[in-house]
Amino acid sequence: MSYIPHTDADVRKMSEAVGVSFEEAAYAAIPEELRLNRELELPEALSESDLLDYFRKLSEANRRFEGGSFLGAGAYRHFIPSIVETVISRSEFLTAYTPYQAEASQGTLQTIFEFQSLICRLTGMDVANASVYDGGTAAVDAVLMAVGQTGKKKVLVSMGVHPQIREVMETYLAGSDIKLEYAPLSAQTGRTELPEIASDTAAVLVQNPNFMGIIEDGPELCRKAHEGGALAAVAVNDPVNLALLKAPGAYGADICCGDAQPFGNPVAYGGPYVGFLACTQKLMRRIPGRLVGMTEDHDGKRGFCLTLQAREQHIRREKASSNICSNEALCALAATVYLCAVGPEGLRRSAEAGMRNAAYFRSRIAEAEGLELVFAGPHMNEFAARFPKGVAEEFNRFLAERSIQGGYVLDGVYSGLEDCMLLCCTELCKKAQIDAWAEAWQAFKERQ
Amino acid sequence: MIPEELKYTKEHEWVRLLDGGIAEIGITDFAQDQLGDIVYVEVPEIGRKLTKDDTFGVVESVKTVSDVYSPLSGEVIAVNEVLCEDGDSFTPEVINKDAYGEGWIIRIKVADPAEIDTLLDAAAYKAVTEEEG
Amino acid sequence: MEKTVFEKSRPGRLGVMPPESDCPEANIAELIPEDMRRGEAPPLPELSECDVMRHFVNLSQKNYSVDTHFYPLGSCTMKYNPRRNEKAASLPGFTDIHPLSEDKDAQGSLEVMHELQNALAEITGMDAISLQPAAGAHGEVTSLFTVSRYFHDLGEDRNIIIVPDSSHGTNPASAALAGFKVVTIPSDADGSVDLKALKEAVNEHTACLMLTNPSTLGLFEAHISEICRIIHEAGALMYYDGANMNALMGIARPGDMGFDLVHINLHKTFSTPHGGGGPGSGPVGAKGRLAAYLPGPRAVKAEDGSYRLQRAEKTIGRVKMFWGNFLVIVKALAYIRTLGGAGLKRASQAAVMAANYMRVRLKEAYHLPYDRMCMHEFVLSADRLKKEKHIHALDVAKGLLDRGFHAPTIYFPLIVEEALMIEPTETESLETMDAFIEAMLDIAENESSESLAKAPETLPVTRLDETKAARKPVLQWPQ
């Protein structure tokens, strides 16, 4: 099965026109010594039914936690309306390419324009692009924009930024002259403690809410960044929270980035997700990636097209603002459909339900023997809990036996938080699941 | 269209020598025609010191983009306001309409008048365009 | 014209409601410090579920796509996207698993990753594969980080990347992003790498040559062994841009040609859908000592048959959160498991046959600047039409849209004037190709620059004013 439509007669006709046989055509231009003179050694081909059986078995080899999951830490399970799957499965969206031929791509172009508009409305920024790979590379782009704009080479990054985002930034900037410095989190509140901002700082990057689920003092952090002559870049952790939190643009952010996975995209073992990147009008020429603009056709009718393309790699080559070509368009479409489907009221209810569930969970932790909340700062829907020494991992295994997926153990991730676990509640979490978690802790303690 | 009174570079910039050791700089009519509809011009800040052949700006059309090089060394003392995107009068299309007049880009205080002799005259520049065109 | 969601919105109209919390009530307002609280609900559109469905379905119908139209977009490999792959990737065991699940709870996902790593290593002739990069350009920059770290460890100061003038724009852009200087070398009269220019460009500071093979002209680099020898003798590395791998599956392998690093586009060669621009997936492969630098973690198999995530010994680190575009990885593996080794080879053979058939049939009416056997794609020039009838490549493209075909890639590669780059792929029938050929011939014979100036006339919009869009950009719906 190769999805090839040609009949023997078709093959003959093509061969005759070209003057080379089907068997020889692909080899004709290849020097003999470079030809692969054997079949590829791959597992045998499967029929459709066997294939689906094969994948069904593999998918079932992934553990399902019937008792719920409290894992967040950068990937969030939210309610996904059925309509999202239906729309993104539409052939015309799924199997189209990048909308280079605008007249034949008005569907994709308008949905990207709507995505950009929705991101602007949520983040309070003036300009948003059509998407980047994920929250990690979005943060890299934010840093590069700030360095390009200011000409300065130092970036101050909060330790509240997701450790994997920080790691992606380190990889990208390792060979460059850009230096990353880190601002610690307060051991008491979990909020970022900014040092004096040195005058050679291009940007201050904070995540809000931060990795520990703490709501940062956004206005104060942005004010300090600006006072030090730096740009303020805010990464949003789980943008569902923006239903309740002040928009970064409203408290001084110059650049806002994050991952829109929580809008209609499943956690799917890490991808594909969808990075978003937004900025002020002043930085419009610095933003990398595709942008869709509204314009008119010859007859004065409204239409959409890719614009400001001269910044991009296919025109500017080594002088381009970025190397990005493929982005995460279909995931951005899922986010667009999601936001339109739930609307402002649905998004608010999701965010509030997550907070309410997490608040209840924290109250159970607070009263549980041997457990304590790590930080006293204001929490969104995620929080760190401290366990007695050396039991966090073991307790997670104990939970798994009860078909509950515990939290994200911070051992090896943050020094000083070796015995802590990050726990997350979205609107999908049930009281009974939280109670079961707390009861499991009781049982675990008694067993010891 | 190559005015006789101006000086040129191979990179398609023109230079008009004004009084007081000041030079006005833009891109030629040939260059604007090659670029097509100009949509944006990145201009330097006033006070920036340019060395001859430095890139001082970028001219962008819908489909392409071109660096602009300083034909002479000197300090930027004025930037054409209609090319500044922040301004209300932003109309980069003036370069398409009037490359040698309204479409000037910057004025500099010339640092080394001897460099003027390195520029092309109209006839020499005409030969450059005929070779490329 | 479809109104935007913002125009369709009505205050107070409710859409889909998420589940409610069954936990005790909490005073949400008090939990958020006042200066971080959003005063009013975010200005999102307010629509009913039916409104939303109709909006997006109506919009979808304004697109050309592989499922609705022939899409011979060169360098993009717009082959059929099998739905069984989508079905495999939508299994709940794959969509619902959290990326931070412990390895023992993610054995199915890890086996998928491991299987694909092995298959891609075999297909490309590389020693090791990382699936982490999210797209082709992401794979490029990842590989160049690898190059950078490798020479750093060797204590060699190599800061120059060489690219041919026919290369994809992402190549020089990736090199610049990874901190290298870019040297562009010309192509020779045959459209191949100019060996003389290459020898002159190579020196002790050369880190790597980035090469697409078949080239963006659709031509196999006949001198590839010599090119590799020149680069390797200078102590530099060979990088394979896998955008055109669809010509070579089971036919020839970059690893056997002498390449040290590769990236592969799962969304081109391995049939995963393009989704209007993404998601893609751009796995990278490496040979020998370079394998130790790959990003990750990657899936490895233990002696007991279990799988786990593990970092390569000298890894450059992480280029993306988590492990890669996992659902795209599932789809690509489904494709490879459907075709098997023999099927992949047959697909490449058919892709090459189809491109050559179209090349031969179009080379009289259009100018074929490099007239020899091509691989999976070929590049025509509209320069004669431009000279004789003032018809540009763009006009041909728009004329094709009116005839029910997506346009080829135009104005690329940059070394061909008025370029039309055509890649039929192996999944299009002879009738479809013939109909496209007839449309191309019809345009060349019967159209004029005046008649095409208005094209397309049958689509939702006519030609758009891109100058207006760029001069005064409107990038979001006014609030």
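Going by the order they are written in, the chains are A, B and C; count residues from 1 in each one.
Keep in mind that, in the parts below, contacts are C-beta pairs under 8 Å (C-beta built on N, C-alpha and C of every residue); 3 or more make two chains touch, one makes a residue touch a chain.
Since the model is a prediction, treat every value here as computed from it, not as a measurement.
K.L.:
What shortest step count links chain A and chain C in the network of chain contacts?
P.N.:
Minimum step count, chain A to chain C: 1.
K.L.:
Select the chain at the greatest separation from chain B, using centres from the mean of Cα atoms.
P.N.:
Between chain B and the rest, the longest centre separation is with A.
K.L.:
Report which of B-C and A-B is connected by more C-beta pairs in contact.
P.N.:
A-B
K.L.:
Using the mean of all protein Cα atoms as the middle point, what chain has its own Cα mean nearest that point?
P.N.:
C
K.L.:
Centroid of chain A to centroid of chain C, CA atoms only: how many Å?
P.N.:
Here the centre of chain C sits 20 Å away from the centre of chain A.
K.L.:
Taking the mean of the C-alpha atoms as each chain's centre, how many Å separate chain B from chain C?
P.N.:
38
K.L.:
Whole-Å distance, chain A centre to chain B centre, using C-alpha means?
P.N.:
That pair's centroid distance is 44 Å.
K.L.:
Give me the residue numbers in chain B that touch at least two other chains, ranges are fine.
P.N.:
Counting only residues that touch two or more other chains, chain B contributes 39-40, 60, 62-63.
K.L.:
Which residue numbers or ranges of chain C touch two or more of the other chains?
P.N.:
466, 470
K.L.:
On chain A, where are the residues touching two or more other chains?
P.N.:
Expected reply: 310, 315-316, 319.
K.L.:
Can you tell me which positions in chain A touch chain B when the two form their complex?
P.N.:
Those residues of chain A that touch chain B are 282, 285, 309-311, 315-316, 319.
K.L.:
Of all residues in chain B, which touch chain C in the complex?
P.N.:
Residue positions touching the partner: 37, 39-40, 60, 62-63, 92-93.
K.L.:
For the complex, which residues does chain B have touching chain A?
P.N.:
Within the complex, chain B touches chain A at residues 39-40, 42, 60-65, 67, 85-86.
K.L.:
Using the touch rule from the top, collect the residues of chain C that touch chain B in their complex.
P.N.:
Residue positions touching the partner: 411, 466-467, 470-471.
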